[in-house]
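In the two assemblies presented below, chain A is common to both, partnered first by chain B and then by chain C.
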Partner chain A sequence: MLMTLSYLLLAGLTNGSVYGLIALSLSVIYSASRVINFAQGEFVMLGAMSAVLFLVTLALPWPVALVAVIVVSVVVALGLDHGIYRPLVRRKAEPLTIMIGTLAGAIVIYGSAFLIWGPEPRFVPPVLSLAPIRLGFLISNAQQLSLIVLFFGFLALTWFILYRTRFGLSVRATGVDPKVALLMGIRSERIVQFTFIYSAAMSGIAGMMIGPLLGAHVSMGILITVKGFMAAILGGLGSPFAAAAGGLAIGMLEALMAGYGTSLYAEPAIFVLILMVLIVRPYGLLGDYEAERR
Partner chain B sequence: MTVERNSGPLLRLENVVQKFGGLVAVNNVSFEIRKGEVKGLIGPNGAGKSTTFDLVTGVRPPTSGEIHFNGIRVTRQPAHTRSPMGMARTFQIVRLFRGLSVLENVQMGMHPAFPDGLLPSILRSAERRRQEAESRKRAMKLLDFVGLADRAGERIETLTLGQLRLVDIARALASGPDLLMLDEPAAGLNDAETRNLAEMLALLKKRGMSMLLVEHDIDFIMSACDTVVVMDHGTKIADGTPAEVSRNREVIAAYIGRRAADVTV
Partner chain C sequence: MAHSRHIEAPRAPTLLPVAVFIALGALLPLLLSSGFHVRLAMLIWIYAILCMGFNLLYGFTGQISLGLPAFYAIGAYGFGMLQTMLGFPPLLAFAGTLAIVALLSLLIGLPLLRLRTHYLAMATLAFMLIQNGVANRWIGFTGGQSGIAVPPLEWAGETLGRTEIYYVVLVMASLTLLLHDFLIRSHIGRAMQAIRDDETAAQALGIRVTRYKLRILVVSGVLAGVAGVCFGITSLRVDPSLSEFHVLVSVLTIVVMGGLGTRFGPIVGSVIVVLLPQFLTSFGAFETVIYGVFILVFLLFMPHGLSGLFERRRWSLRRRSSPQADAQAREMRRSAE
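== the complex of A and B ==
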């Protein structure tokens, strides 16, 4: 009984870590730009698919492959920034328009990946061992645990950057009032570019690590975006940490629903829950009013 | 009275014109601010003083005319390049960063002096740590100056309007400006807050700060300024000491009406 619960919670924690990383990414970009990046999940896909390329096809050692995955994510993120975000912002597009622009970006990334890799799912070789590790009565493996470590690691790093550096102060100020931040000499474009790059790198790494557990295929991105978005909305889009917590909550719920009910109802149940939460707390469970206006 | 000093003026407007479609909001306005001078800009509603202020702060470039600052032509320099040049402003509707602490808000004003590259921020070289400590120290000193040192750690939302205006001024001062431009700093303040503000501005003036003050409150501006520019219908109608200006027929006419001017004089 307790054992089942513990297993479910561990599985929930693992999936929740991935959702949490996406929610964290979405929220970091949102805090600086008031834009939801619908292409965020594509970076997880790119991470997983290019990991196959680097680890299997090119047979690179994993630290090199990791760097290569980060480079791919960053290059694509720069493309998104220069190809979609900047041109739209400079033409004074509304955040909603830019959001649709990122959706277009997601389709372009997905389409290109489809041309390169085709529709077949790929097996992503694990970077770390899949050999069972005993944690008391729980059995896990290094790959799975690394995702959880990654999630909390990035959470800590994000907190440090945002709240303990001058740069983070500029990021937060830009999110509150980009016009006044500009008058203080902070170019919001530079800040937003950083959030795109940083989030893409996080998601790419997450993709490389979740690949062996989920399997990889070129159309996995949009589902992950949707889950991450739900997580961010549930927790509170305005705060990266609330959004990340929302990811954990969704991962746990999903696992518990699948374990005790049937996974068939997991998603509708989560949607209903999110709806109910948003009716009571429109800015998310832990969200602040800051999501309200630019 | 202003002390006459060397060199050229700190700020010079030359025949500045701003048209919005057919409307001439600012019509051929020229004036100067010398170093250490506190200049007021007043006029009835719609006189064009806010538009003039926008032109000086770089919110938009004028239709024609020139603006020089410290001998440099800044007519078409965008607003965000003016803070590093030594021009700092406050806002009529206070625009501070919500969610940030009072101290952090003041630190934001120092941006040009304290570059914020990410890598150095994370790597935290000894130099960078020294800079961050210095930035906090300077921000604390400014908060101390405006009398809000004890609120440094609180979120900005917890402050009253009067206090917010003081933080706005501290933030503007944080860039170490040569010219401080204040957009209706007394608007919405109660008497005590207005007196407090006037005292602070007097102290700043004593320290040699040059200021441009746009204000509705005539008593406030007459006591705070060395010289006053009066505008009406987009045109400069007077420029002189408060005493001179308040005897000016056109000024009285603009404020009270033509007939009153005839009666009073």
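== the complex of A and C ==
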């Protein structure tokens, strides 16, 4: 009984780490630019699919492959920033139009990946061993544990950058008011570019690590974006850490529903739950009044 | 708002272009010889109905529901299931389907429309993915991958032929077009555009913002349901592919290419998106990339879309030719100086 529960919680923690990383990425971009990046999940897909390319097709050792995955994510993120975000902002498009722009970006990334890799799901080779590790009565493996470590590592790194460096101060200032930040000598566009690159690298690495556990598929991106966003609004979109906590919560809930009910109802049930949370607390469980601000 | 997709709708436009579109639609079966072409024409109207709802919501009110394909699918499923499972006659099934779709939009919109618009966009997208998942996996109820059959329409004991069904779809599309046009031209349309341009200002002018948003969301959901019913009666089969991601991509492409917030954008866009794959061979694999690029290019360089090209010119011509407006413009220029 207790064993099933803790086993489910561990599985939930693993999936929750991925959702949490996406929620963190979405929230970091959002807090600097007020834009929801619909293409965020595509970076997870790119991470997983290009890991297959580098690890299997090109047979590179994993540290090289990791760097290559990061390079791919960063290049695509730069494309997103320079091809979609900046031109739209310079044309004074509204946030909603920019959001549709990022969705179009997601469509292009998905379509290109479909052309390259086709519709079949791919097996992503694990970087770390899948051999069972005993933690008390829990059985896990290094790959699974590495995801959880990665999540908390990135959480700490994000906190450090945002709250303990001068650069982080300018990121937060840009989020409060880009125009005033610009007057203070902060290059807002560079800051936004940084958030795009940072989030893309985070999601790309997450994709490479979750690939062996979930399987990789070119159409996996949009569902991950949506779950990451669900996580972010459950916690509170305005704060990266509240959003990340929402990710863990969604992962756990999903695992528990799938374990004790059926996986068919897990997603609808979580969706209804989030709608109810939004009625009671429109700004997320841990969020501030952020959501209503325009 | 410089780069706004906003074209001011004409105050008293003629209904002539609407009549022209409907007349063209009515003449079309006489010109088309093969059944395949009639089917394409039906598909154009179906997409036009779906996208007019989206245009009202996004183009005119500035709210996004990315879940319209889910309502489209629910419309088709509901129409089939109410007839086969509960034995409803077609008209009652049609009304019942619309009621279901309206109720669902209401339930989703109620908690979300008070928040910023991206909440609505993401939540409706989630709704679409969930609906698709349920349609795929709840095999006992929805028939899973293979879907369900929709009973063919009958009139006086005889099954309707392809051309008759085309006219049924055309009637639906014409009604939708008239509703679309009426909403845009009435005080409701002006309230919608006020909400789109500045919510706070709209509220200050006495527009009940949330109520209007909710109503338009329900209207768009219902129109998607109508499109779904039309799809059901034309193809006689419904499967989960109706609410897959590529439908959403098509809808966005149609609305952005045709022109957001224009009178005839959805129709122009539907014609292109339905006919384009027919002219380009080996279009299939590239479809998603091409549509994505189209959306981007139009968002960046032609935010008013194809329909905006001629609609905007005509409107500005009309404004220029009106002496009253001329005087007003001169007045404003003088006071600016």
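Following the convention adopted for this analysis, the second predicted complex is superposed on the first by the 291 of 294 C-alpha atoms of A that agree within 3 Å, B and C clash if a C-alpha of one lies under 4 Å from a C-alpha of the other, contacts with A are read in each partner's own complex, and residues count from 1 in each chain.
Convention: a contact is a pair of C-beta atoms (placed from the backbone, for glycine too) under 8 Å apart; a residue touches a chain by one contact, two chains touch by 3 or more.
Quantities reported herein were computed from a predicted structural model and do not represent experimental measurements.
**Q** Which partner chains sit in contact with A:166 here, chain B, chain C, both or neither? Use first/second/both/neither.
**A** first
**Q** Which of the two, chain B or chain C, is in touch with more residues of chain A?
**A** On the superposition, C touches more of the residues of chain A.
**Q** Per the contact definition in the header, classify A:185: touching chain B only (first), chain C only (second), both, or neither.
**A** first
**Q** Let me test your reading of the model: by the given contact rule, A:177 touches which partner, first (chain B), second (chain C), both or neither?
**A** first
**Q** Using the touch definition up top, name the residues of chain A that touch chain B in the complex.
**A** Going through chain A, the ones touching chain B are 160-161, 165-170, 172-173, 176-177, 179-187, 194, 288, 290.
**Q** What does chain C use to touch chain A in their complex?
**A** Residue positions touching the partner: 1-5, 62, 64, 66, 107-108, 110-112, 114-119, 121-123, 125-127, 129-130, 133-134, 137-138, 199-200, 245, 249, 252, 256, 285-293, 295-296, 299-300, 303.
**Q** Which stretch or stretches of chain A touch chain C in the complex?
**A** Interface residues on the chain A side: 36, 83-84, 87-88, 91-97, 99-101, 103-108, 110-112, 114-115, 219, 222-223, 226, 229-230, 233, 264, 267-268, 271, 274-276, 278-279, 282, 291-294.
**Q** For chain B, which residues are in contact with chain A within the complex?
**A** Residue positions touching the partner: 79-80, 83-84, 89, 91, 95-100, 104, 107-109, 111-112, 114, 116-118, 121-122, 132, 135, 171, 175.
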